[in-house]
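Take a look at the following structure, please.
To keep things simple, chains are lettered A, B, C, D, E, F, G, H, I and J as they appear, and every chain counts its residues starting from 1.
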Amino acid sequence: MSGRNTEELNGVTQLGNQGTRYPDDYAPEMLETFINKHPENDYFVKFNCPEFTSLCPMTGQPDFATLYISYVPSERMVESKSLKLYLFSFRNHGDFHEDCVNIIMKDLIRLMDPKYIEVWGKFTPRGGISIDPYCNYGKKGTRWEEIAFNRLAGHDMYPEKVDNR
Amino acid sequence: MSGRNTEELNGVTQLGNQGTRYPDDYAPEMLETFINKHPENDYFVKFNCPEFTSLCPMTGQPDFATLYISYVPSERMVESKSLKLYLFSFRNHGDFHEDCVNIIMKDLIRLMDPKYIEVWGKFTPRGGISIDPYCNYGKKGTRWEEIAFNRLAGHDMYPEKVDNR
Amino acid sequence: MSGRNTEELNGVTQLGNQGTRYPDDYAPEMLETFINKHPENDYFVKFNCPEFTSLCPMTGQPDFATLYISYVPSERMVESKSLKLYLFSFRNHGDFHEDCVNIIMKDLIRLMDPKYIEVWGKFTPRGGISIDPYCNYGKKGTRWEEIAFNRLAGHDMYPEKVDNR
Amino acid sequence: MSGRNTEELNGVTQLGNQGTRYPDDYAPEMLETFINKHPENDYFVKFNCPEFTSLCPMTGQPDFATLYISYVPSERMVESKSLKLYLFSFRNHGDFHEDCVNIIMKDLIRLMDPKYIEVWGKFTPRGGISIDPYCNYGKKGTRWEEIAFNRLAGHDMYPEKVDNR
Amino acid sequence: MSGRNTEELNGVTQLGNQGTRYPDDYAPEMLETFINKHPENDYFVKFNCPEFTSLCPMTGQPDFATLYISYVPSERMVESKSLKLYLFSFRNHGDFHEDCVNIIMKDLIRLMDPKYIEVWGKFTPRGGISIDPYCNYGKKGTRWEEIAFNRLAGHDMYPEKVDNR
Amino acid sequence: MSGRNTEELNGVTQLGNQGTRYPDDYAPEMLETFINKHPENDYFVKFNCPEFTSLCPMTGQPDFATLYISYVPSERMVESKSLKLYLFSFRNHGDFHEDCVNIIMKDLIRLMDPKYIEVWGKFTPRGGISIDPYCNYGKKGTRWEEIAFNRLAGHDMYPEKVDNR
Amino acid sequence: MSGRNTEELNGVTQLGNQGTRYPDDYAPEMLETFINKHPENDYFVKFNCPEFTSLCPMTGQPDFATLYISYVPSERMVESKSLKLYLFSFRNHGDFHEDCVNIIMKDLIRLMDPKYIEVWGKFTPRGGISIDPYCNYGKKGTRWEEIAFNRLAGHDMYPEKVDNR
Amino acid sequence: MSGRNTEELNGVTQLGNQGTRYPDDYAPEMLETFINKHPENDYFVKFNCPEFTSLCPMTGQPDFATLYISYVPSERMVESKSLKLYLFSFRNHGDFHEDCVNIIMKDLIRLMDPKYIEVWGKFTPRGGISIDPYCNYGKKGTRWEEIAFNRLAGHDMYPEKVDNR
Amino acid sequence: MSGRNTEELNGVTQLGNQGTRYPDDYAPEMLETFINKHPENDYFVKFNCPEFTSLCPMTGQPDFATLYISYVPSERMVESKSLKLYLFSFRNHGDFHEDCVNIIMKDLIRLMDPKYIEVWGKFTPRGGISIDPYCNYGKKGTRWEEIAFNRLAGHDMYPEKVDNR
Amino acid sequence: MSGRNTEELNGVTQLGNQGTRYPDDYAPEMLETFINKHPENDYFVKFNCPEFTSLCPMTGQPDFATLYISYVPSERMVESKSLKLYLFSFRNHGDFHEDCVNIIMKDLIRLMDPKYIEVWGKFTPRGGISIDPYCNYGKKGTRWEEIAFNRLAGHDMYPEKVDNR
C-alpha cells in the first residue's frame, strides 16, 4: 500500500512526530534528508513557503515574506517538515532580506549537495517599498553550473503587479 | 458524422462503459491507448487533473494535488477515461509527492512510448509549506531528448503566487 | 473613408450577408479569404474562439472548447465570418479533441497556404480531466519551418491554473 | 505564555497527537469539542475545507468539493483536527452531494448544540454541471431560529463565476 | 458504505447508464427526479451550467450561455444527469435568451413542484452587447412566495465586470 | 424548432438585416421592441454594453464607458440589435456622463413603459478621476416604485477596485 | 450635436482650460459646480480617485490612497476637473487619514448641498497596517438622513482581501 | 500646513519614535489613543493587518492570519503604530484562533470605548482546514447595540473562495 | 524644478493646449515628436491605448480594441497627446483590424525612424470570435533587424484567456 | 541574534532614524549604501515602488507610477529607506516619464556601480493613454553587458492587460 519502505524513509525523524521542538533562534541543525529514489533523471522540487518571518537587524521590527525554494536533487532530498522547523528558526532572528535568502540557500547546499537550487524571497513593504531578493546556484563541474547562470541572466523579466494592498 | 471509425477506436473499452470498476490500489494495468492519426507532425496533448489525491506514506493522511501531464505522442495515445481510473488508483496508496510524479511519468512512458512527456504536481500545503515536483523525459536518440533537457533547464522561472488560502 | 476598396475586398461574400446558411455537418467549403495588403513584412493574426463545440465520437455527448488560432499570412488571409461558419460546422460532428485541432489546422493550411499556423484547443473536463491539444506548422523551405519546431519545443511551460470550477 | 490552561483544553485528544488513526468509513464518533471561553457574546467561526472528497452512491466514482462550515458556538466548540478526521471519513463513503451537506450539519448540531450553523458544498462538475448544496439551522426558541430563515431566504444572490476550467 | 439504498434511488435511470440517447430537439420528457431525504428543513441546491447552447430564432446562429439554476426542494429533486440531457435538447432549438430561462424554469416547476426556484442566464455578446435574463418563482401560499418577490426586488445590484474579452 | 413564431417576432426589423444604417447623431427613433411572452411573472433582463462611446460637450474629446442596463419588462421588450444602433448614435454626440445615463433611461422608459429600469455607466478616467453615474426608475403606482427607491438607497456599497490601469 | 448649451455649462471654468494653476496647499476654493439637469429623480454619481496623496502630520512622510466619493445631487453638481485640483491641494498638506476623508466630505457638502454623500479612503500600509476610513451624510429633514444611517450601519461587511503586495 | 496641532496629537508617543521597544509577550499596555475631531457624525475606521502571527497553545507551532479590525469611534481613536506593537505582542504568545480575535476586541473596547467594533481573523490552514473567527460589539444603550446584532446575523453570506494555494 | 528646458520641449504644440482640434478622418499629420535625451543607451517606451475605435470597411459598424505600441527610440520620440489625436482619427475611418495595426506602425516609422517598433491590437469579438493582429519592425542594418525577427518568431506563446465576457 | 554586526551596517544612517528630513526637490545625495556580504555569487535584488509621483514638466500636473527597480550588486547595495527618500524627491520635480526612469537608473549606477540594473516605470493614463518606459544597463567589460542587451531585446513580449479602470 505504501511506495516507500522503512529503509527508504531512513533519516526522517520529524515527520509525524508528536513532540516537535520549535527552535528559539537560527537552527540549521534541524534540517533532515531522505534518499532520492529517481537519481537516473534530473527533476525539480519546489517548496512554496508563504509563512516566513524574521526580524529587522537594525530596528527589531518583524518582516514577512513568501519564499519560493526550487532545487534539482542529487542523492538526498530535504524533508519538508524539517524545512518548516528550520525556516521557523528565523522567527526571532535579525537579518536583512538580501542576507536571509543567501543564508538559506547556502544551508541547503551544505545539507543536500543538490545539482541546482534557487531561493526567491518576496517581502512585504516597509515605507511603501517591498524587496524581492533572488539567488541561485549550479553545482560546479556539472551542466547545472551553466544553467544556473542562464536562469540568473533571464530572471524575472515580468515583475508581478504590486500595489501594496 | 463521426471522424473516427470503429477500427480507429480499437483498444478503447472504458469510455462510455457503464460498469466501470474503480480500483482499490495502484493499478497501472487500467491504462488504455488509441492510435495517433496525425503521426506526420509532432504535437502536444495536455491533461489537466485537479482531482488527484493520495496518502502520506508515513502518517496515512490524505494529500491533494493538481497534476498537469503533457506529452508528444508517438504511435499511440492514452485514452482519458482510462487515465482517470489509473489516477484514481492512488486514492488509497501511500507515496511521497516527489515519488508520485516520477511513477506516473514512468508508467505513461511504458504505456505509450511517447516522444516527450512531463508531469507537474502542485500539492496543497502541510504545515504551511506546499510542494510542487516536476519531472520530464525525451525519447533517447530523438531531438526530444535535448528538448527535454532544455525544458528542465528553463522550468518554472515564474512561480505562481501562493498564500495558502 | 474606407482603407479597403472593392477590389481589395474580392472573395468576401459572407461578411455583412443577411441570408447566412448554417451548415449541418463539417463544411470546410465555407472558408473564404481576402488578399494580404502587407506582404512585405511578416506579422501574426490570432483568432480567439471561445464558442467552439463538437460531439464525442463514442458517446455522442457535446464537448466545448476555447480555440486559439494564430497564423502568419502569406498572400491570402482567412475572413473571420467564414471562419465562424466553418467552426460552427463541427457542432453536430463527432471527433476526439486531438483530432479536431489537427483537422482545423490542415484545412486552414489548404485554404491559405500560410507561412506559419498553430491551433490550441482548451476543452472543458469530462470525469474531472480536461484535455488541451496543440499543433503547429511552418511552411517547408522557409525560416518558419524551424520556428514552428522551436515553438513546439517551447510550448506551454506555464500551464494555466485549472480547478474545474 | 499560553492563553489556555490544561483544564480549558479538556476533551482535546487528537490535536498534536502522533498516532492519528484515519477511519475507513463514515465516523462521526471522531468529533471532539473544547469549551467556549467567550459565551457572553455571540460570534462566528468558519471552517474552509477545500479538501473534501466522497464517492458517488450509484457509480462509485470519486467526488470533490470545497466545504464552508460556519457556526455560532453555544457552550462547546468543535476542535479542528477532529473535524479533519471526521471529514476524511467520507473518503470511501458514497452519498449524493445534497445528502452529504445535510448529514455533516446534523452531526455537528448533535455534537455542539450550536446556536447557528450552515454548511455549503461546492462540488466539481460531472458531465459539465456542478452542484452546490447549502443548508442551515438556527436553534429553536432562540433569535437564531429566525436568523437562519432570513439567511436561507437571502442565500447566494450572486453566484460565483464558473467556467469548468 | 452508501448512504442511499435502492429504494431511495428510485426513478433515477440515466445516471451511470451507458446507452444514453441525446435528444434532437427540446425534450422536457428527459427530466428525472429522486426523493428528498431532508424534507424537515428547507435548503438550497444550485446547478452551475457553463455549457448551455441554443440557436437564434431569427438568424439560426448559435448562442452560448452559463446558466445558474437554484432551487429549494419540496418532495422530489431533479437528477443532474437528466438535467444535462434536458439542457442539451436546446442545442438545435431556436429561442430568444429571455424565453429560454423562462421555459427552463417552468419545466422544472412542473417536474419538481419546488418551494422556490430561480434561473439566471449569462449569454455571450452579439454586436458588442450581452444579455443576462433572470427569472424566479416561489410557491403560492408558502413563505417562499414573498421571498421570491424580495429576491427579485434585490436582484443583481452589483453587475459583474464585462469587457467582451 | 423555433420557440417564437412570425407574429411573436413582429416589430423586429433590424435583427439579421443586411443593410443596417448607422446613424450620424443621437437617434432614439432606431429603438424597436418585441412582445413579452411571460407577462404573468416579473423578471429581469440585463444588457452589458462595454462598447459605449460619446464626446465631451466642452472639449469634443471622446469618452468611453461600459453601460449596464437592467429592466423588468411590462408588455414589450427592447430588441438588442436596435439597442446597439441607438447606443451607437452617441458616438458623435456630446454630453456629460451624468446626462448620458439619464437620457438613455428616459428614452427606454418612453419606448417600453417598463415596470422597472436602471442604467449604470462606468467611464474611463480623465485627469486621474473616473465617473460612474447611476439612475433608476420604478413605474408609478406599482410596487416597483418603492423597489426603485430601495435599490437607489442601497446602491453600490462595495465600489469596485480601480487603479486606472 | 451637444446636449448641454452654454447656459447649462455656466460656472465651469477649469474644464478645457489651458492655464491651469496647481495649488500649493489645501484649497477648497478651487471647487466648481454646474447645474443638475435631472432634479426630478434622485440618482448617484461616483468619483473613483486612485491618485490621492497627502502627508503625515507627525513625520511628514507621504501617504497614498484611493478615494471613492459617491453622492446624490440636489441642485448643483461638482465639476470633475475642479475636484481633481482640489484633491491635488492635499499633496503638500499634512493630516491623519481619518481627518482627510471627513474634511473632504464637509467641503463637498458646503459646496453642493447634496442630498447624500459618502467618502471612502483606502490608504497604503505603514508598518504593515493599512487604514480605510469611511464617512457619510444625509441631508437633515429628507429621507436621505435615514438612508445615510442605514448605509453606515451596513458598511463594508465584506472587507476586500489585502496582503500588502 | 498640518491639520492637527500639537494638542490634537496628545497621547501619541510611538508614531515617528526611533527607539521603539518590541514586546516579548502579550502587551495590551502598548496601545495609545488620540482624540476624535469629528464626534458629531458617526463614521468607520478599518485596519487591514495581514501580518499577524501567534502560536498554537497545544503544539507551539506558529499560526498566521490577516486581521480586519473595523470600528466606529466615540471620543478617542487607537493610533496605528501602537496597534502594530500590540499585535506584535502575540508573536510569541499561544492561543486558539477563536480566542485571539475575542481578546483583541475586548482590549480595544477597554482602550477606546468605541460605539461599535468588529474583528475578523482569516488564518492559514493546518491539516487542510483554515479557520476564520469573527466577533463584534455595539455599545450598550446606543443604536449600535442593535446594529451589532444585525451585522452578526448577516455575517459572511458569501465566503471567499479558498483552495489552500 | 523641471528637468526639460524650453529647447528640449521643441516641437511639442498639442500638450497642454486648450484649443485642441479633433480630426474627422485618418490624420497622420497630427503626430508630433520631441528629442530623445538618452540616445547613448537603447531603451523601450510602451503606450497602452485601451480606447481605440474604428469602423468596419464593409458594414460600417464600430470596432473597439486595446492597442499596445512599444518602440525603441532613435533621435526623436512621439509625444503622447499627439498620438492620442492621431489614434482618434480612426474613429470615423473604415479598415480591417489587420490593416489598422500595419498602418499605425508604418506611420510611426515614418515619423520617428525608431530602432524598433511593434503594434499589437486586441479587438472585441464579432460573431463570437475576436481578432488580435500583431506586427513589428527593426531598423535595417542595425542589430534590431534581427531582434525584430526573433520577437516575431517567439510572439504570444501564451494567449491570454478569453471567454467573450 | 542578529546576522549583521555594527561594522556590516556601516553607512546606514536613515534606517530607524526618527528625525527623517523629506527633501523639497530632486535629491540624489540622500542615497546610502551598505556592504554586500555575498560577493562570491551574483544575485538579484528587486524593489517594488508603487508610490512614485512626479510632475509634468509642461503642465505641472501630478503623474503617478509604479516603479520596478532590479539590480545585481557588486560591492555595495542601496539601502531601501534612503531609496524611499530619494524617490520622494521627485514629488515636486517635473520631468517626462521617459526621462525619470533614465535619471533614476543613472543615479543608482553612480551610487553602487552595480553589475546590472533595470528600471521599469508603469504610469497612470493621461487622455486615455498610459506610458511604460523601461531602461537597463550591464557593466562594461563583464558578461552583464551582453545580458543587458539580451534582456532589452526580449523585453515585455506579454504586455499586461490594461483597461484604464
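To be clear about the criterion, contacts are C-beta pairs under 8 Å (C-beta built on N, C-alpha and C of every residue); 3 or more make two chains touch, one makes a residue touch a chain.
By chain, UniProt protein names: A, B, C, D, E, F, G, H, I, J = NADPH-dependent 7-cyano-7-deazaguanine reductase.
None of these values were measured; they are calculated from a predicted model.
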Original post:
Counting one step for each move to a touching chain, how far apart are subunit C and subunit I?
Top reply: 1
Original post:
For subunit B and subunit J, what is the smallest step count along a path of chains that touch one another?
Top reply: 2
**OP:** Would you kindly say which chain has the C-alpha centre located farthest from the C-alpha centre of subunit J?
**Re:** E
Original post:
Using the average of all C-alpha atoms in each chain as its centre, how far is it in Å between subunit A and subunit F?
Top reply: 55
Original post:
Taking each chain's centre as the mean of its CA atoms, how far is subunit A from subunit J in angstrom?
Top reply: 27
Subject >> Mean-CA-position distance for subunit C and subunit A (Å) >> reply: 44
Original post:
What whole-number Å value describes the gap between the mean CA coordinates of subunit A and subunit H?
Top reply: 32
**OP:** Would you mind listing the residues of subunit H that make contact with two or more other chains?
**Re:** 16, 48, 50-51, 59, 61-62, 64, 92, 124-128, 130, 154-156, 158, 160, 162-165
Subject >> subunit J contact footprint on subunit I (complex, rising order) >> reply: 1-4, 9, 12, 15-16, 34, 36-38, 41-51, 66, 68, 70, 72-73, 77, 80-81, 83-84, 87, 120, 147, 150-151, 154-156, 158, 160
Original post:
Given the complex with subunit I, which residues does subunit E contribute to the contact?
Top reply: 61-62, 64, 122, 124-128, 130, 160, 162-165
Original post:
Which of the residues in subunit F come into contact with subunit G in the complex?
Top reply: 25-26, 55, 57-59, 92-96, 98-99, 101-103, 125-137, 152-159, 161-164
Subject >> For the subunit I and subunit F complex, residues of the former touching the latter >> reply: 20, 22, 48, 50-51, 53, 59-62, 64, 88, 91-92, 124, 165
